[in-house]
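Before any comments, here is the structure.
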Amino acid sequence: MKIINENRSQILIEALPYIQEYSGKIVVVKYGGNAMTNDNLKQKVMSDIVLLSTIGIKIVLVHGGGPEINVMLEKIGKESKFINGLRYTDKETMDIVQMVLCGKLNKDLVSLLQSHGGAALGLCGLDDRLIEAKQLSEELGLVGDITKINIRSVMTVLESGCIPVISTVASGENGETFNINADIAAARLAAELGAVNLILMTDVIGLLRDKNDESTLIHSVHVSEVPLLKKQEIISGGMIPKIDCCVEAVRRGVKKTNIIDGRIPHSILIELLTSEGAGTMIV
Amino acid sequence: MKIINENRSQILIEALPYIQEYSGKIVVVKYGGNAMTNDNLKQKVMSDIVLLSTIGIKIVLVHGGGPEINVMLEKIGKESKFINGLRYTDKETMDIVQMVLCGKLNKDLVSLLQSHGGAALGLCGLDDRLIEAKQLSEELGLVGDITKINIRSVMTVLESGCIPVISTVASGENGETFNINADIAAARLAAELGAVNLILMTDVIGLLRDKNDESTLIHSVHVSEVPLLKKQEIISGGMIPKIDCCVEAVRRGVKKTNIIDGRIPHSILIELLTSEGAGTMIV
Amino acid sequence: MKIINENRSQILIEALPYIQEYSGKIVVVKYGGNAMTNDNLKQKVMSDIVLLSTIGIKIVLVHGGGPEINVMLEKIGKESKFINGLRYTDKETMDIVQMVLCGKLNKDLVSLLQSHGGAALGLCGLDDRLIEAKQLSEELGLVGDITKINIRSVMTVLESGCIPVISTVASGENGETFNINADIAAARLAAELGAVNLILMTDVIGLLRDKNDESTLIHSVHVSEVPLLKKQEIISGGMIPKIDCCVEAVRRGVKKTNIIDGRIPHSILIELLTSEGAGTMIV
Amino acid sequence: MKIINENRSQILIEALPYIQEYSGKIVVVKYGGNAMTNDNLKQKVMSDIVLLSTIGIKIVLVHGGGPEINVMLEKIGKESKFINGLRYTDKETMDIVQMVLCGKLNKDLVSLLQSHGGAALGLCGLDDRLIEAKQLSEELGLVGDITKINIRSVMTVLESGCIPVISTVASGENGETFNINADIAAARLAAELGAVNLILMTDVIGLLRDKNDESTLIHSVHVSEVPLLKKQEIISGGMIPKIDCCVEAVRRGVKKTNIIDGRIPHSILIELLTSEGAGTMIV
Amino acid sequence: MKIINENRSQILIEALPYIQEYSGKIVVVKYGGNAMTNDNLKQKVMSDIVLLSTIGIKIVLVHGGGPEINVMLEKIGKESKFINGLRYTDKETMDIVQMVLCGKLNKDLVSLLQSHGGAALGLCGLDDRLIEAKQLSEELGLVGDITKINIRSVMTVLESGCIPVISTVASGENGETFNINADIAAARLAAELGAVNLILMTDVIGLLRDKNDESTLIHSVHVSEVPLLKKQEIISGGMIPKIDCCVEAVRRGVKKTNIIDGRIPHSILIELLTSEGAGTMIV
Amino acid sequence: MKIINENRSQILIEALPYIQEYSGKIVVVKYGGNAMTNDNLKQKVMSDIVLLSTIGIKIVLVHGGGPEINVMLEKIGKESKFINGLRYTDKETMDIVQMVLCGKLNKDLVSLLQSHGGAALGLCGLDDRLIEAKQLSEELGLVGDITKINIRSVMTVLESGCIPVISTVASGENGETFNINADIAAARLAAELGAVNLILMTDVIGLLRDKNDESTLIHSVHVSEVPLLKKQEIISGGMIPKIDCCVEAVRRGVKKTNIIDGRIPHSILIELLTSEGAGTMIV
């Protein structure tokens, strides 16, 4: 038993330099994919977030919610119109997006964090005009392009000791509400909040040199390497917008960004508190 | 023109003693009924709230949302089960309630206040465990009975200069979400926040001595008179729970409570900033 | 009655954008002329100042006091010596000026503001060396030329929630007291305090293109137009020093300055809280 | 020279325990009599006050001004009416009192303290309603009886690092101004400010057991001894109200009160910073 | 590798409720015995303290130093005089005690904590009169009995983000220095600081029901059980003063006290962050 | 008696401009030599420091301790090895230096200041890494060269109202402790703390133009004159490093530095609070 405890202590102690590195700093986590739909993984992410927050790291949780939006749209019999593979967001769809994101997922995450002992408070881009946007293109309806981030509410929530949980709808100039890509919103928030790290949780192991071989995982990419990797089609498909978000965040001053595999239990803890890291880092 | 302006000035000046009375004080407004469904009235309430907030009165806006919940339940084809005239709230219904209140109405009010020049931030009872509850009765499912109010988040929002907009769902001990009567929640919030005034917006002119004669409006009722008025059936029907909320709030230290007619444009301003008041006051 | 109340509310609501514009900002009002000698107008100015202060505008009241000084000089049988139309201020005269301004008018204004429900505190240029000056010219005796403004006391008074009322005598390097032109002092104070607006109350309707025709009132003048208007003798006589003060204030960073007609009741409220404005604005 | 310097140092060092006793504490000094009319003494009092303030003692200076008021009344040819030896204060007299105290003496003291290197700010009982009063008796006109002290302005001035200089006129309920006895005002201010010491500067050596023999000076009197000393007519004439003020201050919580001889140069320093003290202490 | 990481994460997560329990709270650790003389154990204690401090627990480290004092006394050839088994502390011995504790051990611990990434600041009972004492008995010379604890310096150090390291010499009324028992000092400090836990590091496994059988370890003792356990001689010998310290601390308001085995690596972490605890708890 | 008191007051008043000059400012005093070994002088220095601190001057006391270190080295029979006249500091010597400086002298000074009524707190260069250093030269062992000053702990101590007493050992990059020249440390601390004055207490009367004639004392030297004075051998021997420290401090922003004669009682007071000054000033 003592031996086990000593191992246990050893592991805690090995986390010390990482805790010191992040103590009092802001880390933005974009939460989505399997880690959000699989209930077991979800519980683990929540306890990770609460642990990190309790030991003094200021976590800002930004969430998406595609699948639950689809379920709700189906429930009310709303058919989606697609333009070049992107969904057209009319007012009725936007209302459902807002309800599901800000009303259901956001507040459920707040509850869940609290049942793990944390204190949390849900915000959306409308609150205190946290995210301002304009229409991205007329074709896509109420899809927004971020024009400004007003961080006051997030800072207030962090200072009061709560974990801010953020839904990515945005406030238009004329009072309209826009739907915003959550990865992009997380990247912009990370930059404006002066975060030291942006973590994007995905359903892939990271960037692979050979898509079919997990052993070719690229652990670290410098932003200057990105154009070549795109040309070589190592960065391709769904990875392109993710990597672009990371590059954008780094360009705007975020020191480190990580694309991690949300399917691995406790991947956030592994990334932040161990020497190994998880997935691919863009610096 | 000068004469008009002098009148204009006179009206502003006449509001001065009322502004001084409420300056820096907390006033809780329970918003609902016609004032929330009629778009013209809604705009007026919003500009009233922004004005009151701008001149230094700390307004806390608590809203209900029955009609919009019904519309959404219908849309998804959910039938409601009633027990002694009260709706049974199962998990699916609760999800819809939460979505509509916290995701749709709450954030739309935030947007609307902001389009009138205010700064607002939406909260629900789950955020930072603002409202804690237990089950009211097994029969009614997820209908909650308030056990505790934690005002930290509301105070933080007020101090940051925003108007808190509050949806009345509550946090259960085991992570479940309860539906809470908005009048009761407003009364309890008013008491815990040390509000000087609780205003309930209704669709009636106030308490009438003779239901069929508006000229018999009772302007002011002392809590000690309530039992007799109930016995005389002057307080009856839907007025009973409203008056009970007011009595509860007064007992817990709120100085004044008002039941006002939300159908009259600017009834909040009339109540707070003129000598006439609106509706019935319980003190 | 309801209709009247709705109008009343409408007028309050129409003031909202102006209140928002000035909320938390400093406005310096130079008070003098008829508005100070006519008791009815005086009461109105005081309630205006208290109202503006109560709704969150930081009013700094700078006052003159020529007529009362003359009355007192006469009372003690002191004859005035004039040099090129300007009064020579010897030590005895200066003592009377100081007594009347700092002891009588200043403290009476403080009392009056307080009888309208405000909190006020009287300062003069000697307090905490608020206004420092040197002799303007030997000929004129103790007439001073401002060399420095030390705003600490005014800021402290504003922060404590009081309206600062300021008499414009100044502190000389060797302990002597100087008499200072109140318009110039107000302009310099506005600049140093970072005021958004300087309002000079006068006994004229504003700048008139044709002196004999009130309908030729010039509502707005850009500082760059001033030289031409002087050349055209539209700015002439007593208006020259007033306009020069405004130009000086604008040059030192005050956004807007207004010369308003103090003879119109509530002209300050009309200027600050309505779309019409009063008198002539120099920007 | 070194020997002289060592003596010099020795004297500074001997003041140390007294400085430590009063450091950060409030001491109210009632200033009047010869120390105020004799220019040489006046300069010495001012440098004493500035020294005490500079080394961390919070001095509040309350001043009277009888002689200068008389001079001014004479100048304007105002005859005084006396009732049982007390001057009847009509409105015209009150105006002169206010002008001389608040406008002349108060601000001159502010200037003088500043010419000795201090920072000072003049207040009167009207400012922020520092002293509230009601009519003492109809017979005496505008002579006031203190009903309330509001210390906010004095505390604000002390915190900003300035010496508050206070003229003792007071604010009546209906906006009228009352003349207040400066000794009584100083005693009440000392009590409300939580002062550790109240010092009354007088033109006598202190309380003498035998009026004709300075060697019979009573150094210390306990409040319980006062009635007997009055009966024995050791406390008599002008000493009665002075001693009564001291007793009142002690009863309201001021630890020590001193009646000192203002005709002795630096009597305040001697009282506060040496072992010998000056005059009579009432404890 | 992932499996290992998951275990690693699991262990971190299991620490979460303990971290939450102690977050922001003060824990006083009395450090001594083997854990202080064995260099390997010492390094582990230091990293434990830094970890606990980094994750938000306010550790106050109180240390003894018997062995090093003996070494130094020997070095200078000072012989110790014993009275009833207790060492007589003369002035020369006291000087050595002070030098070794405050100069050597204290500052070496500060250095060591800092080499593990912490920030630390060394204090002794003389600093800001942290520990005041009087002579315990004339026989023992400069051995002190604590009369007062002044926590200002410790609170200031904690607020500035440093770990306070405290040597237990004390300040006498006449400027003399007393030697203080470190266990007692730790208990008194814990009480005055409002600590939630006092941990005494010892060289025994804890309180054993049968001294020869480690499996009879008593995990928890209520203060009310102590007299019986003493009577049964289960608490005996060197355990008596240790347990008495714990009882004293609990009586003065410390919630929990622990006697832990400093010979087990990371016993502090095991005690504070795992379900098993280490040694014997007195509550 | 009155005459004596008036002289006494006069002397206090003459100190006023000096007190005003230094009020709230930091003055670093390097304490050593006769003033530290002669008990009578020591008591006087302590009361001077407490007086200066009480009247609002922020004194930082930096002390040396050569003689006491030698006594202790002798006591344990440690022989010193000299290289070019400088003592080689091995680990055992360093331990003794640390013990004597940080454990004995530092804490004794803290006690002594407190017995004169001050509040004091002892620090060394290890605390919160106040002084960081690297090895000066391999030949001299653990003699350090300052690489960085971290003033946080000193500022915290000053803000809490205590006098910081500083021993000049320093923290090496690898956890080692270095011995630091106290004059140099005082100079560097003065610069980093933004001190207005650095006072070095020595055993000489100051810089003499003719070493054998005290009447040739040079009262003031400009840093630009130093090279010539060195060439003329007016600055020579032990004065060279002292003057170099002063020059260094002035170059880094300290306004005034003084080399004063610690053998004269109260020389610090004479220097800071009289017109005569003591010793030689380098500006």
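A, B, C, D, E and F are the chain letters, set down in written order, and residue numbers restart from 1 in every chain.
Rule of thumb we're sticking to: a contact is a pair of C-beta atoms (placed from the backbone, for glycine too) under 8 Å apart; a residue touches a chain by one contact, two chains touch by 3 or more.
Everything numeric in this text was worked out from a predicted model, so none of it was measured.
Student: Need the most distant chain from chain E, centre defined as the mean of C-alpha atoms.
Tutor: C
Student: Taking each chain's centre as its mean C-alpha position, how far apart are chain E and chain F in Å?
Tutor: Centre separation, chain E to chain F: 35 Å.
Student: What is the distance, in whole Å, between the centres of chain D and chain E, each centre taken as the mean of its C-alpha atoms?
Tutor: 56
Student: Distance between chain D and chain F based on Cα centroids, please, to the nearest Å.
Tutor: Between these chains, centre-to-centre, one finds 44 Å.
Student: Using the contact definition from the top, classify how the chains connect: line, ring, star, complete or other.
Tutor: ring
Student: Ring chains in order, chain C leading off, chain D next?
Tutor: Read from chain C toward chain D, the cyclic arrangement is C, D, F, E, A, B.
Student: What part of chain E is in contact with chain A in the complex they form?
Tutor: It is residues 1-2, 5-17, 19-20, 23, 44, 47-48, 50-51, 54-56, 116-117, 264-266, 269-270, 273-274, 276 of chain E that touch chain A.
Student: Taking the touch rule as given, give the residues of chain C at its contact with chain D in the complex, in rising order.
Tutor: Answer in residue numbers: 72, 75-76, 95, 98-104, 106-107, 110-112, 114-115, 119-124, 126-129, 152-153, 156-157, 160, 162, 169, 171, 174-175, 177.
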